[in-house]
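The chains carry the letters A, B, C and D, assigned in the order they are written, with residues numbered from 1 in each.
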Amino acid sequence: MSVLVDDDTRVVVQGITGGEGKFHTEQMLDYGTNVVAGAVPGKGGQEVAGVPVYDTVTQAAREEDADASVVFVPPAFAGDALFEALDAPLDLVVAITEGIPTQDMSRVYRRLQETDTHLIGPNCPGIITPGEAKLGILPGNIFSSGNVGLISRSGTLTYQIVDNLTNRGLGQSTAVGIGGDPIIGTDFIDALSLFEADDDTDAVVMCGEIGGEDEEEAAAYIGEHMDTPVAGFIAGRTAPPGKRMGHAGAIVSGSGTGTAESKISALEAAGVPVGDTPEEVADSVEDLL
Amino acid sequence: MRLHEYQAKGVFAEAGIPTPASELARTVDEAVEAAEEIGYPVAIKAQVHVGGRGKAGGIKLVDDAEEAREAAEDIIGMDLKGYDVETVLVEEAVDFTNELYVGVTMDRGEGRPVAMVSKRGGVNIEEVAEEEPEAIAREHIDPAFGMHPFQARKVVYDAGIDGAVAGEVASILTTLYEMWDERDGSDIEINPLMVTEDDDVIAADAVFNVDGDALFRQPELAEMEEKAADNELEAKAQEYGFEGSNYVQLDGNVGIIGNGAGLVMGTLDLVDYYGGSPANFLDIGGGAKAERVANALDLVFSDEDVDSVVFNIFGGITRGDEVANGINEALDEFDEIPVPVIVRLAGTNAEEGMEILNTDLVQVESTLEDAVQAAVDAAEEVKA
Amino acid sequence: MSVLVDDDTRVVVQGITGGEGKFHTEQMLDYGTNVVAGAVPGKGGQEVAGVPVYDTVTQAAREEDADASVVFVPPAFAGDALFEALDAPLDLVVAITEGIPTQDMSRVYRRLQETDTHLIGPNCPGIITPGEAKLGILPGNIFSSGNVGLISRSGTLTYQIVDNLTNRGLGQSTAVGIGGDPIIGTDFIDALSLFEADDDTDAVVMCGEIGGEDEEEAAAYIGEHMDTPVAGFIAGRTAPPGKRMGHAGAIVSGSGTGTAESKISALEAAGVPVGDTPEEVADSVEDLL
Amino acid sequence: MRLHEYQAKGVFAEAGIPTPASELARTVDEAVEAAEEIGYPVAIKAQVHVGGRGKAGGIKLVDDAEEAREAAEDIIGMDLKGYDVETVLVEEAVDFTNELYVGVTMDRGEGRPVAMVSKRGGVNIEEVAEEEPEAIAREHIDPAFGMHPFQARKVVYDAGIDGAVAGEVASILTTLYEMWDERDGSDIEINPLMVTEDDDVIAADAVFNVDGDALFRQPELAEMEEKAADNELEAKAQEYGFEGSNYVQLDGNVGIIGNGAGLVMGTLDLVDYYGGSPANFLDIGGGAKAERVANALDLVFSDEDVDSVVFNIFGGITRGDEVANGINEALDEFDEIPVPVIVRLAGTNAEEGMEILNTDLVQVESTLEDAVQAAVDAAEEVKA
């Protein structure tokens, strides 16, 4: 078992004819992901890496029986691409695109609430069930199959932590990068509840960062609803207020919400050990299992 | 992206929101001339991106030409919380009986905009929000429908705004929301929105923050983005293509370069954890092309406070050996490496990569912890 | 028992300070309707017919514990007034206003689907539970209390049929005028299902007219879901295609949908006797009871 | 409210949709001159609100000045299905390889707009809808969000539009929807949308129906509403304030006046049921003020086909006695009542009202059935 993606997930790549889209389609195919179609307006009938391209997501989903998509569409058109994926409808949409205007995402998020689709991202590395499928740009080779679930707002920091886990033989059930934007689809709580319900996940690592209050809300959720143990990490302890740290969502507001301290203390209050270093996170996971 | 007060007021005025008469001045003479034209009393206001300008001496109210000259001399060229004041706004001083607050921002928790109105204008609204949250009326806007007219009225009446000006305040809030929506605002506010004895309302200050990710479709606002950044290092960062939030200057002496926002933040935290002090945040993004690596190093070397640099790359799709080659090429471009550079590679083919790195120029460490520790130590040595 | 309104319904009148609003507020009060507030922007603090006026519906609902509204707001502002009522939120909104632009109603209807509010109308005479309460402009004195439910797209035609019923001693449980516009809140099926669930309604009269396909859909619903017997009447048998007959919704389209014949045969196929005259409708009701 | 073809094309062209070169002409000379200017072949098209103009001889294709003059002479002034043709559109004839259909309308059953595209343009689309519904691709639009760009593409590709023009057709559909949305359209369509050999697309015909209830906020379109109605009686109805759909002329000889659309429709049906034939639908709305009643009677009397009138009022809030007084006052204004008028009052105080009515001028009946029967009988007598 795993969360959201597995061997059977049938994937459309939106924006497959672009540079990134093409490259990562090949990478996903190499990893064994079931990429069944691409969708790019005006490019219907072409092929990319042996995958047939359709003009619309609806056509791709209908003709190839796809149930998920990965979105590499440029920011100016990504909002529309997400609406298209929700409309198809697909069960899972993974939005890799960075730099989507916040108001576009606000509208997508509004629509998302009315659907049963899981949206991951945007501005995220994707999701991987090691040995089965990856949807996104994650480097498949650093992951290994196991019983640790991983949720993270960041990309390379996730890889760092996965590396620490894998080096100790702690494999992953599924790892999901939920993205560094202020408005995202699947949030910590959504992902935590999926792992809680997954029989093959015995511990979860939750890797947060400054900005917003999702980690605080997740802490409350963990305290009330989770039996599966959770270990935490929070990046950005040294970030000054009012400055964005790379991610559009990683900012401590002037009024002092979104600080690392607030998140760490909320998690610790919910019984979640928060590591000071990635190594300490791996230590905690070993303890929890 | 934050507009200057005068830019924001220009946008507001264009949209039909009443603003005081004002003129921009770059010299003392221009300021006095503007003051004479507008008629006293006037306010002389520093145009820099700093909160609490008044308290810091960046805003002065003057009653005649002599005072105007003095105030302009004080403010133009002053250092306001680290920013050079080059421009002042000379503005009609409005007599008011009341100061209100109106604003529109994105509530990221809800994923939808929120309109806010308060009778407690003219003070720091974030403090009001903390101390007396019920003094701010809030109305969430459905981004699918936009703000309905009734919502503007509802939040205005809920805030307890006097009936005599409620309609006008609701109309200004509606305009504010439309601007926010059409021009990709992130935070837009008027604080204070002054109410005069005759029940006129007028925007005495203006905040207009634009979503940087939406500037591609807001050419007029993009043009307002000051070419001159807030300081030299940030200007250099822009020039090198480390736009927006990918380079942030900090107060310490350990330079930090890495790929990916979370990993760089994590590295900053580790520097702090090991007793060092980060000099900057620099995310060079995916891959490690030689030119980009060279630019990153040059930028961090340009910071005079930097005593050592930790270079932390997690090769994912990009293999460690490719990254190492990129770094070697980049290092070759420097005649001299001015401060110790500690490199740590991880991920795919990391070991091969570390073997390739030119250890005459950089120190190589195999774990994150060791690399950061080494950089902190090196910085301490320089200081000592 | 009754449907949607009774003695306890607490009513806000939106647009109470206008001519119609004021007149019908007095009429409703005379009938015994529990009108507890008015709402008109900028008129907060006034009184109309002894009823306190508030600036917003939210205030009116909060201060006077109202759960329903009647809307007399002019067409240009009525869409906004309906959104305000849905937002309050109220359980029941009765929109009397005629001439609301169809696109405004389309947006209101979209929002309505996400709420639990019952919207009746627009362009309708309202709803009455004889002897308890009336919300709207129906003439109270022609109604009498009884066990016949009535649903109609028209105003005076409803009065005509009620008159025929009352003259024979056939009283009404509740009568609801659902309105003559192309887009309305409560449709035949909604109203039929309410009467089906009402213990005190033993027969229903459904009074339709040309235009749209609501009557056809209602016929299918009756055939499948109704135990309570239904009698029908359809106005507009003689209307030529392409011409609106007074009501914005009463039009047989060029392609031939919305004809009286189609509606009558659908109803008859569902076992609903359709009278040729209002008298025949009353005959049918007597037979059904 | 339906715009004329030339008006609709003007609005389309303004919005950037390609339309053929054309000029409006009111005389034969103007038409020929326009044809010469545009260059042959041209189409000469009657501008009246009638479907199937081509088949009825209202559209002619001409190749030279002589033919143009002949065609213009034939069409200008002709009676087209009961309408006088006063104006023709002289239009460049476009060579095409394909005829498409695009349209936006309100789907009343769904309560939301629907965009439609078909490869079967150039024919009656309602027939296509009936015979081959799958030949029309449909996409419902969420009125909260408006049409997403992907939806325009989706419906165009679903309709099987050729890839060479799909982008352009989607773009025209987007413009069409925006017009529909911003200008309160009820039905907007282009049929045919012609595709040329060079894969250009061009709107060869244009339908633009506007929601009459929204004209208050569409001043430009309201101005286009022809002051001159389609015939004299409808013009008189407008003058009397029985706007829009409250008066509809029919083919029979029994005039019908009543209050409330449903009741009047019901009365029409009863006339038919008793073997008569309705001459009109006339809803005078609530109350029964003397002037309005007088206007209604005058309007119906003006219809030369009318042989009797049934006046059916259900007094609800307005009492029957008040209504009767209004009718008496109105009747006093006529020197002579030209055809038998049968009045029936019902509802509140109906009996009192019927006693008040002046039976020298009108016949009074107490039930709807009796009143209609009497009017039908009276009309038959006149005919006989």
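We adopt the following convention: a residue touches a chain if its C-beta (ideal position, glycine included) is under 8 Å from a C-beta of that chain, and two chains touch if they have at least 3 such contacts.
The structure presented is a predicted model; accordingly, all values stated were derived computationally and were not measured.
Each chain gets one centre point, the mean of its Cα atoms, and the points for subunit A and subunit B are 28 Å apart. Separation between the centroids of subunit B and subunit C, computed from CA atoms only, is 55 Å.
If you average the Cα atoms of subunit A and of subunit C, the two centres end up 49 Å apart.
The set of subunit D residues touching two or more other chains comprises 142, 144-145. Chain contacts: subunit A has residues 107, 111 touching two or more partner chains.
Viewed as a contact network, the protein chains fit none of the simple shapes, being neither a path, a ring, a star nor fully connected. Chains touching one another form the pairs A-B, A-D, B-C, B-D, C-D.
The touching residues of subunit D, counted against subunit B in their complex, run 142, 144-145. Put simply, subunit C touches subunit D in their complex at residues 24, 27, 75-76, 99-103, 105-107, 109-111, 137-139, 141-142, 152-160, 163, 180, 182-183, 207, 209-210, 212-214, 217, 233, 235-240, 243-250, 253-256, 260, 276-279. Chain contact summary for the complex, subunit B toward subunit C: residues 145, 148-151, 153-154, 157-158, 163, 166-167.
On the subunit B side of its complex with subunit A, the touching residues are 51, 106, 108-109, 111-113, 126, 129-130, 142-144, 181, 184, 186, 211-214, 216-217, 244-246, 248, 250, 258-266, 268-273, 278, 281, 283, 314-317, 346-348, 367-369. Residues 41-42, 44-45, 55-59, 77, 80-81, 83-84, 87, 107, 111 of subunit A are the ones touching subunit D in the complex.
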